[in-house]
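The data blocks that follow each hold one structure.
The following pair of complexes shares a single chain, subunit A, combined with subunit B in the former and subunit C in the latter.
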Partner chain A sequence: MASRDVVQYKSPLVVAFKIFSVIFLTVYLIWTLLPIFVMFVSSFKDLLEAFNIPEVGDWAGVTVFFDFTPTLKHYHSLFYDNNFGEYMANSLIAAGGSAVIAVTFGSMAAYSLSRVEFRGKGDLFFWIISTRMAPVVAVMVPLYAIFRSFDLIGTLPGLILAYTTFNLPFAIWILKGFFDNVPYSIEEAQMVDGATRFQAFMSILPLVAPGIAAFIVLCILFAWNDFLFAAIIGSGGAKTLPVATRELVQPQNIQWGAIMAAGVVTTLPMMLLGLVIRKYLVTGMTMGAVKE
Partner chain B sequence: MARISINKVWKYYGTSPAVRELNLECDDGSFVSILGPSGCGKSSTMRMIAGLEHISAGDILFDGQRINDLPPKDRDVAMVFENYALYPHKSVFDNIANPLRLRGFAADKIKERVTSATKLLEIDHLLNRRPSELSGGQKQRVAIGRAIVREPKLFLFDEPIAHLDAKLRAHMRGEIKHLQRSLGTTMIYVTHDQLEALSMADMIAVMHDGELQQWGTPSEIFNRPVNAWVAGFVGEPAMNFLSAELRSEGGNTVLTHPNFNIPLLPQQVALVNGSAKREVRMGVRPDALSISTTRPDGPVIEGRIYVTELLGGDMLVDVQLADARIRVKTSTDFTGVADDACYMTVNRDKWHLFDIEDGHAYF
Partner chain C sequence: MTSGVTNVSVAQVPPGTSLFRARGTSSDIEARPITAVLPLPVRLNSAAPRRYYLYLMAPAIAVLAFISLYPFVWLIVMSLQDVGVGAGEWVGLKNYTRLFNDVRFLEGWVLLAQYSAMCLALQLSIGLLLAVIVNGARWEKFLVTALLMPMMMAPAVAGLVWLFLYNGTFGWYHWLFQSLGWLDSGSILSSTDTAMLAIVLVDVWQWTPLITLIALAGLKRVPQDQLEANMVDGASPLRNFFAITLPNLYPVLLIAIMLRFMDNFRFIDAALVLTGGGPADSTKILPIYLFEVAFKFFKLGRGAAIALTLLVVTIILGKLLVRIFEKPKSERV
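So, the complex of A and B:
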């Protein structure tokens, strides 16, 4: 097999571009990682230490960022005084529940849209995706009215349903593309071998695993980071982490330490999810299945 | 094992027919090949037999039982796909075991059957590999293994060796034919490669534009094509066609062309329906002509050598005539070179005359 690398020759322009890209990436990394670093470090600092900031231009003073005695008191107050354990469970259930429901129905709908020809299919597909075209705030009032008449406000099932409303069209849209790439002959072989249509559908799910994994990440991220639905539909009984964090800002004082700790608690699970699911995101599962 | 009857079957996609009133009778245990170019309806026919396509009209019967409305899983057929259609996330063993698992066989029975099938196909050392770790030929054997392990009534092979390289293809032709003979299972084998059909099948159905052109043994298809289309499709190098005229000359019926005047054999005269002067198409295979640079006795076709091609054991000579170019297969001893005058004699037992209008064969 030939080399897979793109051949590149050194010209002054290429060298200049390389230097530029290194500088750009360095600045970009500092820009994106510094706030996360400050959040992480501050969550272990006493409030006085956290606000100990060097003068502008005093580069030697950077060391004061690292000059502190670590403390877990903010985490303690988060979980013992502010009930964050429950809010975290709410976030997990809402995000996970809507992801599971959206994947289950989304994959079946996407498979049908990919495989079955029926009248009005194009219109139906457009209609499904068009539900994502309106901004969430635009539908919030009618959605709230509907949810209230079903007594779903302030409940976890209500929140799950709200997230599913927005994630399901997305799931159908993403997964249809993945199903379109699975050769028909694999299901056909299954059916000739003795499988029902549903068994054949189940048998090709491993081939769309990268799509399902990608979607689960996006779906959980959407629900986990959501503030609007959680504040309005989940308010009260189904408080999630972003809403609970917001409530740490009180008129009389802002609990910076606890907010930083809450930020860490909110960010870490998503980072872990990214690490766990990374290998499923690698496409190429279908390679070698069929001769193209 | 089963006898397959296809009765007046039609297949429509929208309003355009892909298969037109197809009738076939495949004997129990026979090897039947459906031969035709792409788009001729051969794959549609196979997919209707497998149950992957609805039958628009007509009936398909297995041993006299109508199977039109049975889903694929209840037809007891096994299919090998052109692209193999292996499950990429399963090992070779699991791929081959899949149809048995779907039918609820016991684990030890599955192991026994898979082992014997893989031994037969000489892939028993690959059981733990994934399809992506196999070569084309090995994948193809796994696909065949998956078909034979269930011991079905009928095999459906859809161009199974089209993607292999030429040498392996030649090898697999022999293997598949031997396998079918030893298992004795009825086989329907779809291909666009006339050589595969001729070399493997007991009976060949030649299809073109959704219509069955000819149904016969390989030698009937090759030696007595029913029309010019079949004659041109079957055989490599392809048959030469020339427009010529039938004429009466001194009691003989003669085929005339700017380059030759050759009388028909007496039994052939009877077949062309009278000696009235008219245009016909003459067809002759490259190996039914003999070529020489010196003029032999008797009626000859005169031409000029256009190019010669050495094919290892044989030589192909392209000869320029007044209005066309024809190819002649000869031995490597032939010494003519381009632009030489040459003379060809026709083996008149092996030439064909076709109607100029509808292409049907007089003989």
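So, the complex of A and C:
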């Protein structure tokens, strides 16, 4: 900044803030990464070693945290004694299925909503968005009763449909913003050249393809991380990873090692996906209200 | 608008006469003098687009109707019935009148308000501070990536990890709190005084990064020339922050507040795993109470009445949020 020469920049206050910010950032980073770190490390620990903590006030004793022999037995027990392979497949099918439905139908609807004006469009929009924002528990009460009468409880199609309640409105809302940014003149030019309307629609798809791909991933993330729908609508036949992880907590015997390993299995893929779509994360998480 | 005459007569049709209108065609043309209207290909303004767009919209609307509109009607019907595991019978407004005498229902609202207020206050202050610190820092990209990691974790899993960390015999955070002298004995989750704070901390841990990300996006749009001009005039950095940066951030922060507020209503996964509403109902925020009534005791009729009150409040909040969203583009950040 040019003004640096003109103004006295390093007042004591500024220096104090610099020092404060370094300390604050360090503390915050430790606080934010520690639970994830503990989860990762504990998943490789034997149960007794995981329970090893120093005496109260013994700050030097923190090193016992690293005092262990790594073992893979919790991961082994997840997949061999606990069927986590199947639960993972369930998670993948439910999340992926709803994401594909949401983005396919969503992009068609978003495109037409972006290109056409009609009476009541605002109301239609509000209905769509409020579906997405309704509390999950509240939505689940009637959905449970309906799905029960259709025999969809405990099935993957039921779960996919349940996830679509939040993913489809999300996709429509977000993708409309994308299509709004594509000028109509591109399609017009295509149509003047003799393309049909559908061909014109297809011709602008490559322009929004990166966004669409990112929001498929985001839809998967939302559905994968869901617990409530899976616990109630999916209970029985369609157990997903978060529910299976929760079920390792039993009143008499909490299998902490296995829980931490299951946590890693559930979290790691989503963290990697999150990094891949990092650019769209803010737009996605704020429903398109904030663009980075 | 059927025959070939339409080509020229577009301008005489006032907007709104037809139910559908292709975007970017007639409205643009109307603005121009009639003499400037060139003949367009008939297809563009024929009735075809309207039907065509409707077809494209239909699948999504049909699915949404089945999973949103239909359940909503069902919810109202159920709230007037006594529904359990079997078929329901009509009870009129009894489910609603009972709510007014239900201490835990009223208490649930109070706790939900407290919970949301505490979460928001902490997230907003810490998140904003972090954004200011991280903005323009040397390792900004890396720092932001590290910060947003908790958001990727399933809330239920986050709850379980924190359950481990809070544990009264081998939890690391329990050890930390005790070593710092903040906690006497007994787990933070087992006391009615601290349990609420415990679930607030988990929410703060997981979602403060979102506020930071939003604030960071806002900070990038604060006009630098204003800041510099103000500095040249001798304003301190602190003064600069309150006079220019904060007012510029206001719209994004408002969005962040609304989003977090509604998510506090939406998600109870972590709290459900951590406390399940206990001890002694001290963390039984309304959605948890609803979960219990509907899916633990399977009183779906009463649950429907509670759900409806929760929905109404969310819809009002949503209406406010959408009003912020739909501001003209120029005002939006």
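By definition in this document, the second predicted complex is superposed on the first by the 242 of 292 C-alpha atoms of A that agree within 3 Å, B and C clash if a C-alpha of one lies under 4 Å from a C-alpha of the other, contacts with A are read in each partner's own complex, and residues count from 1 in each chain.
Just so we're on the same page, a residue touches a chain if its C-beta (ideal position, glycine included) is under 8 Å from a C-beta of that chain, and two chains touch if they have at least 3 such contacts.
Keep in mind that this is a model prediction, so the values were computed, not measured.
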Q: Mind working out whether A:S203 is in touch with subunit B, subunit C, both or neither, as first, second, both or neither?
A: first
Q) subunit A residues in contact: does subunit B have more, or subunit C? A) C
Q.
Going by the contact rule set out at the top, does A:L25 touch subunit B (first), subunit C (second), both, or neither?
A. second
Q. With the two structures laid over each other on chain A, which partner does A:F150 touch: subunit B (first), subunit C (second), both, or neither?
A. neither
Q: Please indicate which partner A:V249 is in contact with in the superposed arrangement: first for subunit B, second for subunit C, both, or neither.
A: second
Q: With the two complexes superposed on chain A, say which partner A:Y80 touches: subunit B (first), subunit C (second), both, or neither.
A: neither
Q: Quick one: classify A:E188 as touching subunit B (first), subunit C (second), both or neither.
A: both
Q. For subunit A, what residues appear in both contact lists, the one with subunit B and the one with subunit C?
A. 183, 185, 188, 191-192, 285-292
Q: State the interface residues of subunit B toward subunit A in the complex, per the touch definition above.
A: 50-52, 71-73, 75, 77-79, 81-89, 98-99, 102-103, 130-134, 136, 139, 146, 150, 156, 163
**Q.** For the subunit A and subunit B complex, residues of the former touching the latter
**A.** 183, 185-186, 188-196, 199, 203, 206-207, 285-292
Q | subunit C-touching residues of subunit A, taken from the complex the two chains share | A | 1-3, 6-7, 11, 13-14, 17, 21, 24-25, 28-29, 31-36, 38-39, 42, 50-54, 56-59, 65, 101, 105-106, 108-109, 111-119, 125-131, 133-146, 161-162, 164-165, 168-169, 172, 183-185, 188, 191-192, 197-198, 201, 221, 224-228, 232, 241-243, 245-246, 249, 256, 259-260, 262-263, 266-267, 270-271, 273-275, 278, 281-282, 285-292
Q: Enumerate the contact residues on subunit C facing subunit A in the complex.
A: 15-16, 19-25, 27, 41, 43-44, 48-50, 52-54, 56-57, 59-61, 63-64, 67-72, 74-75, 78, 83, 126, 129-130, 133-134, 143, 145-158, 160-165, 169-172, 175, 178-179, 205, 208-210, 213-214, 216-218, 220, 224, 228, 231-232, 234, 236-238, 252, 255-256, 259, 262, 265-269, 272-273, 287, 290-291, 294-295, 300, 303-304, 307-308, 310-311, 314-315, 317-319, 321-322, 324-325, 332-333
